[in-house]
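Next, two complexes with chain A in common: one pairs it with chain B, the other with chain C.
Moving on to the complex of A and B:
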């Protein structure tokens, strides 16, 4: 029997060409150019001078860069798990709602996703305002003194994590929901017959079958949150001290202030390595598997 | 099968052509705001640089006129609206009166300035003329980013400058920019009515740091904080220079840039002052607005605020109803001696780009706008409600005759009691100021002063060694 399809290389290449061309222009060439430039003292008005690994040395030995990466990790550890757990619970609730209500709920939780990070930051700056902000008004009901949410070393980073969760929640919840709908109903029916409770069903059916969805959300979530910078740029400008200076904000600050550009490019490349290793680590710990549904 | 494929082939080609076009359009547009992706600097420069390309070149095609018109790009940083309007007004005027030169003015917001400028420089499309602050001139000159103006602008124009300001734009034996204004970084604004309520003499603002703290305590009550000054490292970095001069007589590093010079009593007093002000509860624990914004004072949430003289303009425009109750004084000095510096003189100048092909024409615009008819500058100072100050003697002379200017007591106070004692901004890299101000901020948040100073000293010395800064001061 002949197969009823054939390899159509021409069409395949034709369809691949645009993305390959664009990736080459906007990603591959700049990437290799950046690697080259990172070995130079790069200035636009004078001859660039080759400095070897000096830019990298400067970044690696900069205490602030290490702190920034650490801040990024802490931030991602606050945001990603909280977002995943919340949206998992939420998706379960939505799944069992009637079609009419679920449409409304899905739309409304997706709204924050289409709001720009900058606007969200501004809204939350108002909420955290020291005099007359909503947050201090609310804790005032319980007789609490106003808190310096964004200026206190202990509360600054969690205060920025809150809008990040709010912004990313809708997207993860919808993906989770899609994952839930993909689990065949018959598994649950079988479990019911065996007398499994809700928790058992979640533990032995839902979570294992959601593995790939969770893996995807973990990897993209970690990368997105570690490279987050507009929230801290607008809300705290990296302060208090360097408590909320995420790696990308560190790079941006150097790009804006430094006379030479080599330092910020070296820092960007190092951040690329950091993000790459984190993704690799997550993939290693949580192997992705081909779905085993019937 | 084959026939089918034959038919669909043009479709697939057209489809992919469409996709190419669509992606090209979205790809170009989308790339700009992708700054948060892994390697922003790598992706931003090539794509952003393509945007300003409409400038310049197409001029040749329409050159039927005998004398070819020189088209110049001018980027001005965004300031108050009155300043933007002034730039527009007088640039139009210049274009009307100069047939062979056309200046194209672009106002660039401050937070986009560095990115936009770097992208343009990388593409060789930097503007011919740009605004540049005093603190950046020495480095710009060293890097060849701006041209010396000695041969381009008449020497008499520079003779008109006050001597200390002339110094700000000089590197080696050349002038690299022409000043537009000076403004002191720190002046004390206080509420006379609140002084009275607290039993203080409204005509006697505090003159020593101890008095500031004492008055601050008396003025703090429910809903009103007694005192406000910069409280995060980014603002402290530059706004504390005046107080550093005040207490220590010098800035954070030695003149030859070889090491930190902050482990001394002067710097300890500076750290102590900020620490006490913050910890005693007379300042809000979280800043109500950035250092450059007088909004919380205008709204009555502060009794005393230290802020630059530019706040005069904001007060006069936005908070007219409290003006009668506002007093203004030089920032207090450590020991009450008000002839010691309490502020640095910041300000803005215009400079010609190092790669400009029409440096002469660019310089002629600068000298028309800033060094020519004093009335052009007076128009600017009026628009700013006299919150900024002239760098030129002749403009001040002309202003004495002007009714509005001569009656203005705030202007007189700043011009006579603050500016003469103010110092120039330092030109060493920002990292040093930032390391120091991070030390001040950590002291405010509870680190002991000695520890904070020791850490800042180490950070500064590390930076100096790593970036081989010793002996590179372009002005020594």
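Moving on to the complex of A and C:
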């Protein structure tokens, strides 16, 4: 710390005013307002009344909300591990490519990441089309009958998981690649001298040293996927039954249809708490693992 | 150096090529489907390339005033959004990186805390707030709510922390004020980090769908994703046109990405692991 530091109160406040004002109006006030509304029977049209924890109670006991949380979990469990494993393997491939070619590959795989969920949904709805879609064409090579991918309870959720993986793959692969490049090459050379094979090198060197990167991607990926709603909104509107109604889609539909919104807001706050706890849990599990091997 | 056999090398090259093609395939497909006639987009059996290449979908959608308008409005909004986001967040980043002032730690906690409030938790009450402010159906409701971002501020601050103190001290001795130092020393050095944050903001705005759908009902302000969503619902049979529109709506983003991709890809490393 500098001993003779001077206070620049005026300049500091002047430069901070915009961010503080905007965050206050558009984040902090809505947040505390949400907490307040969640205790009220609130609507646009009527006098609101204090109802205590009733909104939360209604959400927790709503079978559909429970189902939506379950759908969100299943969805995240389909997307995140698949995406991480694929991008981990792919990052290892790209790392060993020539510089010029890997530059091209990196740029190309990142492009889907910048595409919106809406455009991805439009594309994938056609890929899954019953009559002329690519998916049925491909399974036709193997002699399978066409499937109504998005209308079948068994295939709807995995069918939405595919574009989610497609959208996120490039980003995770590049982060993995950045992590791989941070591992000193000498570790692998030492392992080579010991006669370690590719699998051993990956298991004993790459994966342990990539733990923080993987953890980061696991937590952020999990939160992003469980919050996903655009794909199911556009591709299936939550159906068939409520097989693809993710928690956020549930909240959104209630907010649009219900007169009283205290409910929806209580649900979104609850979800916020649930997500926070899940990511805290993942961090703890991985941290304790770290403590074991010192 | 590790040695790799030619076989290994070419196997890797092939795998990388196949995955890259798979990643790009859906986009290639939508671009190509845009060249198909209405009946051919979903022709059975499936065909990747059209029987004959039609440009009618592309010329038609480009001739649609509503499409062009929403592209234009969204592009303008996205640029404005990105510019404001850079200004607001970099000013705060500079303050937190370099200045000492009363209540600094309180202000820091106040700003950073907002990073942990998920968008969905506050979207519904944000709607009520912008409604009360009379902002519904204005450009302001699209641009202002997301401009201040603790995440972006934090990211720019990490960059500013690495700018040598000496540069600033020299300017201070020359009698420059803090604000002058920020605009004439820090801003010009910020290009790499501004590219990353600017593109991030631009993308967030360009791809946003649910917020415009909630707050905008005036067709003159329809955002491009909102337009595509409505188009799909209302003009269900015009598949080729929808494909062409979707392809065109992705183009500004892809072009921007290709121009700045060098910075974005190197920026991923910093942004991801900090």
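One rule holds for everything that comes next: the second predicted complex is superposed on the first by the 261 of 294 C-alpha atoms of A that agree within 3 Å, B and C clash if a C-alpha of one lies under 4 Å from a C-alpha of the other, contacts with A are read in each partner's own complex, and residues count from 1 in each chain.
Criterion: a residue touches a chain if its C-beta (ideal position, glycine included) is under 8 Å from a C-beta of that chain, and two chains touch if they have at least 3 such contacts.
Every value quoted in this text rests on a predicted model; they were computed, and no experiment measured them.
Asker: Once the structures are superposed on A, label A:122 by its partner contacts, choosing first (chain B), second (chain C), both or neither.
Answerer: The answer is second: A:122 touches chain C but not chain B.
Asker: Which of the two, chain B or chain C, is in touch with more residues of chain A?
Answerer: C
Asker: Figure out whether A:227 sits in contact with chain B (first) or chain C (second), or with both, or with neither.
Answerer: both
Asker: A:169 in the overlay: touching chain B, chain C, both, or neither? Say first, second, both or neither.
Answerer: second
Asker: Which holds for A:150: it touches chain B only (first), chain C only (second), both, or neither?
Answerer: First partner only.
Asker: Does the superposition put A:34 against chain B (first), chain C (second), both, or neither?
Answerer: both
Asker: Given the touch rule stated above, what does A:14 touch, chain B (first), chain C (second), both, or neither?
Answerer: In the superposition, A:14 touches chain B and chain C alike.
Asker: Is A:26 touching anything from chain B or chain C once the two structures are fitted on A? First, second, both or neither.
Answerer: both
Asker: For A:235, using the defined touch cut-off, is the partner it touches chain B, chain C, both, or neither? Pick first, second, both or neither.
Answerer: Touch status of A:235: no partner.
Asker: Check the residue A:268 against both partner chains and state whether it touches chain B (first), chain C (second), both, or neither.
Answerer: In the superposed model, A:268 contacts both chain B and chain C.
Asker: Using the superposition on A, tell me which residues of chain A are in contact with chain B and, in the other complex, with chain C.
Answerer: 6, 8, 11, 14-15, 18-19, 22, 26-27, 29-31, 33-34, 129, 131, 223, 227, 229-230, 248, 251-252, 255, 261, 264-265, 268-269, 271-272, 275
Asker: Please name which positions on chain B make contact with chain A in the complex.
Answerer: Contact set of chain B toward chain A: 1, 5, 12-13, 16, 19-20, 23-24, 27, 31, 35-43, 45-47, 114-115, 118, 121-122, 124, 126, 139, 143-145, 223, 231-234, 284-288, 296, 301, 354-355, 429-431, 438, 441-442, 445, 459, 466-467.
Asker: Could you please specify the touching residues of chain C with respect to chain A in the complex?
Answerer: 2, 4, 9, 12-13, 15-16, 19-20, 23-24, 26-27, 29-30, 33, 41-46, 87-89, 91-92, 94-95, 99-102, 104, 107, 110-111, 114, 116-118, 120-126, 128-129, 133, 144-148, 150, 153, 177-179, 182, 203, 206-207, 209-210, 225, 228-229, 232, 239, 242-243, 246, 249-250, 253-254, 257-258, 261, 264-265, 268-269, 272-273
Asker: Note which residues of chain A are touching chain B in the complex, please.
Answerer: Interface residues on the chain A side: 6, 8, 11, 14-15, 17-19, 21-22, 26-27, 29-31, 33-34, 43-46, 58, 61, 63, 128-131, 146-153, 223, 227-230, 236-242, 248, 251-252, 255-259, 261, 264-265, 268-269, 271-272, 275.
Asker: Touching residues of chain A toward chain C in the complex: what are they?
Answerer: Touch residues, chain A against chain C: 5-9, 11-16, 18-20, 22-23, 25-31, 33-34, 37, 90, 93-94, 96-97, 101-102, 104-112, 114-120, 122-124, 126-127, 129, 131-134, 136-137, 140, 163, 166, 169-171, 174-175, 178-179, 185, 188-189, 192, 212-213, 216, 223, 227, 229-230, 233-234, 248, 251-252, 255, 261, 264-265, 268-269, 271-272, 275-276.
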